[in-house]
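Each of the next two complexes has subunit A plus one other chain: subunit B in the first, subunit C in the second.
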Partner chain A sequence: MELQAAKAETLPSSLVWRFTPLTLLLVISLIYPWIVSPLWIRLGTEVLMWAGLAQSWNIIGGYTGYLCFGHGAFFGVGAYITGLMMINLGLPFGLGLLVSGILASLLALIIGYPTLRLRGAYFAIATWAFGEMIRQIATILDFTGGAFGLQMPSYLNLPYFYYVMLLVTGLTYLTTFLLLERARFGYKLLAIREHEEAAEMVGVNTVAIKNWAFALSAFFPGVLGGVYAYWVTYIHPDSVLGAQITDFMVVMAFLGGIGSLWGPFLGAIVVQLVQRVLWLFWGAGTFYLVIIGAAICAVVLFIPNGIIGLRETRIFHPREAISQLRKRIKW
Partner chain B sequence: MILQSHDLVKSFGGVTAINHLSVTVEKGMVLGIIGPNGSGKTTFFNLVTGVYAPTSGHVTFDGKNITGLRPHRITEMGIGRTFQIPAPFSKMTVLENVMVSTFIRASSLKESRKMAWKILELMRLDEKAHTQVLNVTLEDRKRLELARALGTKPSLLLLDEVMSGLTPSEVKGAIELIRSLRTGDLTIIVVEHIMDVILSLCDRIAVLDYGEKIAEDVPDQIVNNKEVIRAYLGDRYSARH
Partner chain C sequence: MELFLQTIIDGLLIGGLIIIVGIGFSLCFGVMHIVDFAVGEWVMLGAYAGYLMVRYFGHDPMIYLPVIFLIFCALGWMIYPLIFRAVSGKGHNPVIMGLVFTFGLSILMKGGALSVWGYHIQSITTWLSGKGISFGVLTVPALRVSGFAFGILVTLLFMLFLYKTKFGIIIRATAQDRDTANLLGADVRKVGALVYSLYAGVTGMSGVLIGALFSIHASMGTKYATLAFFVVVLAGMGYVPGVLVAALVLGLLQSFVTVYIGGRYTLAALFLVMYGVLLITPKGILKRGI
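Moving on to the complex of A and B:
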């Protein structure tokens, strides 16, 4: 008894509190495919993918304050590149993913250089147009299969894709934690979000830092797109480049709480589960969009810090909530 | 001489905000810049720090031509600056605000935290270190502006109305604070509306009017200068005196 008490004493209790939920989450996510039915493995894989995508959007939209409405393009480009490399060049899956991520980042640098000097709605419109452009290109080109898309070699192994998705999304969160919550890079991004001119004036190379953040936020969607393509084996412009991809990233990040590490994760779980539950009860329809739309209105009007912010803040008056949100994004 | 502007011109459309301005600042001195509203004081700071590129003319700092460089490059070279309206990173703490400014001089997060603490102690902001800037007073925000400028370890410090909006007793404290910075090689340019501040702090004073330098002299001479009185109080007043 005494020995046990002494042991408990030596472990700082705050540390235990901080890591217990994380360890629990990790253990659950590792054994998850072994304890649930295939339907739920599929659902889990989806949730993980969206959690990764929402976090990627959060890097540029939440931490940096630049609302990107073309982020789905990086996902689609990743899906197509992995697909094309596996079909035409016979390259291994893993290599395809890496190349997809890198090319998505490169694309972000090319797009970001001219558009990141815009702010607020103008940046949102420019990136939305970019996303639309990529979709149109994929639809008219021959080697992407046009409107019919690509059929990949199929590999029917649900747990495999679950674990790959877990790995990539895990890396997304780890990278966000290390680079944005624990490094100078993250402080610089926050400084840019809070006051860009002042950030430049204290020596932050705002142009370079914004572009790196955009490239980083495009890398993981690129990789996740590749995983998705091989998982579902058939992709076409509407499925991987449609506007709904971006919309869901934005919705999940906002609902969970932008600019926070775990907000997008929570948002992804809630939105994806609500969508699936509605689907189970009422079949395939678009009614869930109404509910999600209402949820977003509620977030914007009452809880600007998202679900995750409810721990420490109250529910706001709409006017105050909107002004809070405006401060957090470049409007 | 540490800073020199040669024949600097800046026009916005038809308005000439700075008109053929040449200023020389010697190392270690405190130069005051005064002038009526809209006379180009803040524009001059924006030209020196790279916020605007001049229409013509150039600026040299420490013997190097810095015209057209981006602001963060100029900060790296050693020019620090405060904003007239405090421009803090509101959602960050006081400590984090200063930490960001030390990044260009520190090799790690740990080192910049240490540097920031030192500055906060000097600025008597250490008690507020972990408070979000949203929740500190105007006086503290003004101090924070100064602290953040010092975090970049400048050899030339540009202070843009750091005392406006402060109560007389707060102004007294701020003057002491700036005096205490005068040790060593730090050169300071002060833009201020409060004459007492300028007169008690500065070695020399330059007077701007419509973007032109109409006088530059030691404080005692400036207050009796005819041109200066005319610019501030109008022709009729200066004719009577």
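Moving on to the complex of A and C:
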């Protein structure tokens, strides 16, 4: 009896503990554009975009265990489709975004079926080749503007894009939470990641599940690409299809911790802020690449679970932290 | 007809050079199952090493090739423990950890080179630069011929090492079955270190030749990484003799597309073929990969 009463008492408080940070985060992100300068609105929008992109990579790379090194292609395809539809067909922005997301998913379904048969390094190289191929095609074709790219109608309203980005990224996280953390779909993906044959043996339709996960993970980059295109108003193959888009998605997801809900978010904040702050104070140098490269190597060597994995090591207890550190650095 | 012959010869000569980049990379995958994303950066560092040596000590870059080979072997030997640690972590897919670690390494190397040497484009001049060798109606640059000859020579030496020496037998045994080789007394960790340092040495050395033939800049790595990946995919990942065939196919494809279709289609064609080969025969065109 007493135990039950205690449970009933602690439940609401644990719920409060659980939702307080989330509510705070939501409130801060909603009032953010009203309390900071335009430069920081831009930075905030960038961080949100990368958080969404890193999470969408995490769906296929982290939860399913298929390292996609061509995910930037979906971002670029989304940006081009939104751009082309707004310029040539005069479609409204929102509809353009939706169509971009759906077409990016469709593309993922089409290429996913043959490509997802490959595993490990083969899948990584095949998707990388695919991503680069899309970039080359965008450079060759005429209606995409070739190497010069597309000039979109400009709409200078920073808070507007901040809120659109917030909405899309919020939806990315909500979808990931509902479908991958709270539904059977997520468990099936984890089963595929841990042991694909075993998953198939216990009755998971691995081919279908993998393809749906790939399509889902391509939807959000498509939409975010569309938002990005209208936001910066000028896109060209190197800016939206370049290898650096995929690189940063992978880096952020890994730094934060793959296969977790909040890892990519943390990774995006850290990487984007470090990069921008270095850029603001030291000018447009390239030294940030050294820091990012060293950070990735260090993460793989010392904290393979990413920043989010530090939670389990109780790094905030000084004595514990020192002994942990000793253990980790020991060769 | 003349153009056709010239295209074939150009393609073969380029292919000969790419063999050197691909061969170490393929062995590295075959033995350790590591896809080294930093392959292009090793080429770039090799090219800069050659450039700096010529600048500070003078003489012809060709005589520094053995020195650069040794320096890069040492570098590879020093970096290998880190890679071994990255791929042998428990509870994680080693292939993925290796990929991400070498990816970080490549960003680090590229960023370091950009920070130190900037965006300036450099070049190396050798005693062969600007000379030509004529075969009947055709004239080809002497440097390319020597690059091709060097590529073939390095491949032959590599093959002799792999198939005729005791070390080579141990390496091949490890590539075939890691655990059995370990049981029979091969120190798998040392074999890995040897292979990685050989790979770094050979790739760094190829950088000097590539630097002498083309230009040197900090972001040149991506292009050669593309070519190395292409060669290894076509050859069948981990199948070293296939590199010879695949590199020549690559050279021919590149020069034919450039001459007969247009320069801007070259890369698109390369990636299309690479993607197609991976989908249709993931073990390479010779079906001998792992």
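Basically, the second predicted complex is superposed on the first by the 301 of 331 C-alpha atoms of A that agree within 3 Å, B and C clash if a C-alpha of one lies under 4 Å from a C-alpha of the other, contacts with A are read in each partner's own complex, and residues count from 1 in each chain.
The criterion applied here is as follows: a contact is a pair of C-beta atoms (placed from the backbone, for glycine too) under 8 Å apart; a residue touches a chain by one contact, two chains touch by 3 or more.
Please read all numbers here as calculations on a predicted model, not as lab measurements.
Chemist: Between subunit B and subunit C, positioned on subunit A by superposition, is the outcome a clash or a fit?
Modeler: They fit: once the shared chain is superposed, the two partners occupy separate space.
Chemist: If we overlay the two complexes on their shared chain A, which of subunit B and subunit C does A:Leu189 touch? Say first, second, both or neither.
Modeler: Neither subunit B nor subunit C is touched by A:Leu189.
Chemist: Considering only the touch criterion stated at the top, classify A:Ile81 as touching first (subunit B), second (subunit C), both, or neither.
Modeler: After superposing on A, A:Ile81 lies clear of both subunit B and subunit C.
Chemist: Can you tell me whether subunit B or subunit C touches more residues on subunit A?
Modeler: With both complexes superposed on chain A, more residues of subunit A are touched by C.
Chemist: Quick check for you: in the superposed arrangement, does A:Ala51 touch first (subunit B), second (subunit C), both or neither?
Modeler: Once the two structures are laid over each other on A, A:Ala51 reaches no partner at all.
Chemist: Go through the superposed model and pick first if A:Glu132 touches only subunit B, second if only subunit C, both, or neither.
Modeler: In the superposition, A:Glu132 contacts subunit C only.
Chemist: Would you check which partner chain A:Glu197 touches, where first means subunit B only, second means subunit C only, and both and neither mean what they say?
Modeler: So A:Glu197 only meets subunit B here.
Chemist: For A:Ala229, using the defined touch cut-off, is the partner it touches subunit B, subunit C, both, or neither? Pick first, second, both or neither.
Modeler: Neither partner.
Chemist: Rounded to the nearest 10 degrees, how wide is the angle at the Cα centre of subunit A between the Cα centres of subunit B and subunit C?
Modeler: For this superposed arrangement the angle is about 80 degrees.
Chemist: In whole Å, what is the nearest CA distance you get between subunit B and subunit C after the fit?
Modeler: 8
Chemist: Which of the residues in subunit A come into contact with subunit C in the complex?
Modeler: Checking each residue of subunit A against subunit C gives 65, 67, 114-115, 118, 120-122, 124-126, 128-130, 132-133, 136-137, 139-140, 243, 247, 250-251, 254, 285-297, 299-301, 304, 331.
Chemist: So in the complex, the part of subunit A that touches subunit B is made up of which residues?
Modeler: Listed in rising order, the residues of subunit A that touch subunit B are 182-184, 187-188, 190-191, 193-195, 197-207, 327-328.
Chemist: Okay, in this complex, where on subunit C does subunit A touch?
Modeler: Residues in contact with subunit A: 29, 33, 35, 81-82, 85-86, 89, 92-93, 95-97, 99-101, 103-112, 114-115, 222, 226, 229, 233, 237, 264-265, 267-268, 271-272, 274-275, 278-279, 282.
Chemist: Would you tell me which residues of subunit B are touching subunit A in their complex?
Modeler: Interface residues on the subunit B side: 49, 51, 70-72, 75-76, 81, 83, 87-92, 96, 99-101, 103-104, 109, 112, 148-149, 151-152.
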